[in-house]
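Should a chain be cited, it is by its letter among A, B, C and D, assigned in written order, with residues numbered from 1 in that chain.
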């Protein structure tokens, strides 16, 4: 095994040009795939910040006392998908309403009395962001005696959810397709390497080398290519990221959101995939050349 | 020239394997780049549907008569970026408010009189979607005598605009980077073809062929590869698109938006780029092999 | 052509009562599409033979060599090499067969990206020799023997034609194979260097290696081998057993 | 070695008073790193010469050939081919020079992915011949001449060594060059085929082509040329002007 490694290493140096070109291709492929990972991870995170706004309001019957309210809050908190429950007094709600209506708040001045009820603001945990779950939750909350009515941004939620789902599905489809395309590109490049070296393979075979002796260095080389290419690709992405951040950030006017580089775990996963894909590209291509 | 074409064509057939692999790589590259074009074009269109909601409301002074109002509407319509101006009577506005406030509309029942003013709803044309332009427009409208005040979703606009800009900038950066990466990949693949055929190039040279005679068929071949690869790549994308649409559409719950394939013009542009990039890849690689 | 391999094997056994035959061709044909490279060729070569295969260009000499090391499969007939019926051999056995055979290819077949040393050492590495020292010593000694020890670190494309041919000879001999197949081993060499290589082949033959040489070199033919097979247009013209002939 | 090209050109002019010299080497050296392939070699070959370059393996014969067709640049000295000083030649002139020269390479240098016909036709295509018919007729007639007309549609890797060599000969001759450089053109051929090729070279020579042949084939040497240049270890051993020698 060590001897295979040595042969692979000397092969690697011997065929500098071929391996250089191949490493570059793998690096660029990794660059592409990880650039999109970067994009979708951040876009997903950005969408998550919007989703924080989703909450269900439960209006309480007039005259529910503090004890009953606290019990109610406990029971609602026990539901799946509920992150937090906050009590909003009718006074608070009225002042918010005034703010919301804004310019037209003058129209509320005619009212001598606050007509709003007490309410509970129920924050939905992110994982439970699903129209049906929220509808179900709302219907359950409505059944409580102390609850007079339930309200949530049904329309907006459905619309946002649609966009979010579309985004997620297209993201997954896209990244999968690109991943497959990249896989073939890497395999193709390795196939071209093997093609350029077919004479060498043939000579090695007719002087009595067995398949293992011929194949193993190629496998090791392919893995090395994948590793080098993977590292280079991610480094390339990091540099591009660092260089383009100044362009993106100030114009962004998005103080509530910072773009992050792909998490280290994803980076490691990408390098490992790169190694595996290169290895597999070699595996499938070499059969062609070994049996020709 | 015709003889070069003939030689290119026979070369093409003679080196089936090499050219097959290369065409596949180019096709996959085109596939990737056009998949992302598809994604960003549609995402952009989706964002545009949101932006339709942006409008400026101008509240009129009480007692502006119909004639003055019509003159005002004409003057506002004359501004850049204004698509349409619609008059909203105070009665209409009051009934909308009731709907909007929804459950709490009971609180308006205490009001014997409608406190809202008449208003004009000014639709902004899509091209003028720019926070500063809208601010400027609003300030101009405010100066009219008949206008009492101006209101628009300043916060939401800024936020949406931020996301939209971020999306556009990252989209441009991403597609540019991927385009460059793809360019190198294609050039690399063509470089590997030339590498595999360096012996043939060398022999052709030493039997007295001049550089033009050697190069031209390669250029033509590269362009053919680019063309074939481009067409194949877009076809591949179309098939993937057709296959994945059923997965995306029904779940989308986005009746107001249909995903479209890349416009024919973009498709043609992509194929042409593919030809140009292949040709350039050949151009830069062949120098290496012709002067070695 | 309908004779079954089994029958040949029996013939073979009978033949080896007198002499151990290492290579046996029995009614071998090799067709390429419509043209035939070898037609109905039968001969045996014994362990202690120094066989010469001769004939004009395109006679099928190299084809015979290629068939022996399984660089080519036959169209009909049967071939036995060192007791193995080549029609019945399994894929993993092929490398084992090839390690018993050292081949000097007419077109050298050196790996251009490996040094002379690396080319020759590859045979030992492929045969599973692990020790760097053993490999180094063996390779250098065989390179010295063929007279290109000083070019060990060069790459084949930088060698002259004759130097490349000597590397090919070195590579065929380094594994100390049972059989050496030499396809025109002196074509690119001047008479002196050719004599040296010929002497070398006779030395390994004397040490018990079966040697098969194809040649159109009249000098080599004059020096003679123990068995001379003459081909023309893929057909056998004659087989001369030199010892018997001399004894006439 | 410090002699300037101009001086050589003058020498050249003086020499050509008697005989038009087509190839002139003046104190040519060619080093590869530390080793030297050619040291201080000077000779001229006239238009009507049939020159033989001989010497043992590694003497520098192929290097001389490579220098003439500019397959290699020289380290010092100067070389004149058909009136062109190779040190002063511009890049676009190189193909023009090469079209005047037909080379039979020692390792054939055939393009494996082109048919025999395609390999030979390439010379004419590169020289700018457009007519399919002319190309076809010329190529087929030269292939017939070397005796492999029936293999025109084959690919070089499917040819025997001798057949490949004959394709190489055909390719060198098809363009009707002024000069033919033949690097061991009969090494892979049996005596009969070798004679035929040698006869062919003498025929083109008789028709006015300058022929330079490298060889270690004693038969070829015995038949003799008009000028025999003997190299050893890259140095000149002797130049014999056969006609003068015969006239002694």
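Here is the rule we go by: contacts are C-beta pairs under 8 Å (C-beta built on N, C-alpha and C of every residue); 3 or more make two chains touch, one makes a residue touch a chain.
In this text, all values refer to a predicted model and were calculated from it rather than measured experimentally.
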Where chain C and chain D overlap in contact partners, by chain label: none
Set of chains whose contacts include both chain C and chain A: none
Relative to chain D, chain with the most remote C-alpha centre: A
Chain centre separation in whole Å, for chain B relative to chain A (CA means): 22
Interchain centroid distance [CA atoms averaged], chain B/chain C, Å: 68
Centroid spacing, where centroids are CA-atom means, of chain B and chain D in whole angstrom: 63
Residue list for chain B, restricted to those that touch at least two other chains: none
Chain-level touch network, classified as line, ring, star, complete or other: ring
Listing of all chain pairs that touch each other, if any do: A-B, A-C, B-D, C-D
Sites on chain B touched by chain A in the complex: 17-18, 21-22, 24-25, 28-29, 31-32, 35-36, 39, 42-43, 46, 59, 97, 102-104, 106-108, 110-111, 113, 115-116, 149, 151, 158-159, 161-163, 165-167, 169-170, 173-174, 177-178, 181-182, 184-185, 188-189, 191-193, 195-196, 240, 244, 247-248, 251-254, 259
In the complex with chain D, residue positions of chain C that touch it: 32, 55-58, 61-62, 106-107, 158, 160-163, 165-166, 183-184, 187-193, 216, 218
Chain D residues within the chain B interface of the complex: 69, 71, 92, 95-96, 98-99, 101, 103, 109-111, 113-114, 122-123, 125-127, 130, 171, 175
Touch list for chain B against partner chain D, complex: 3, 7, 14-15, 199-200, 203-211, 213
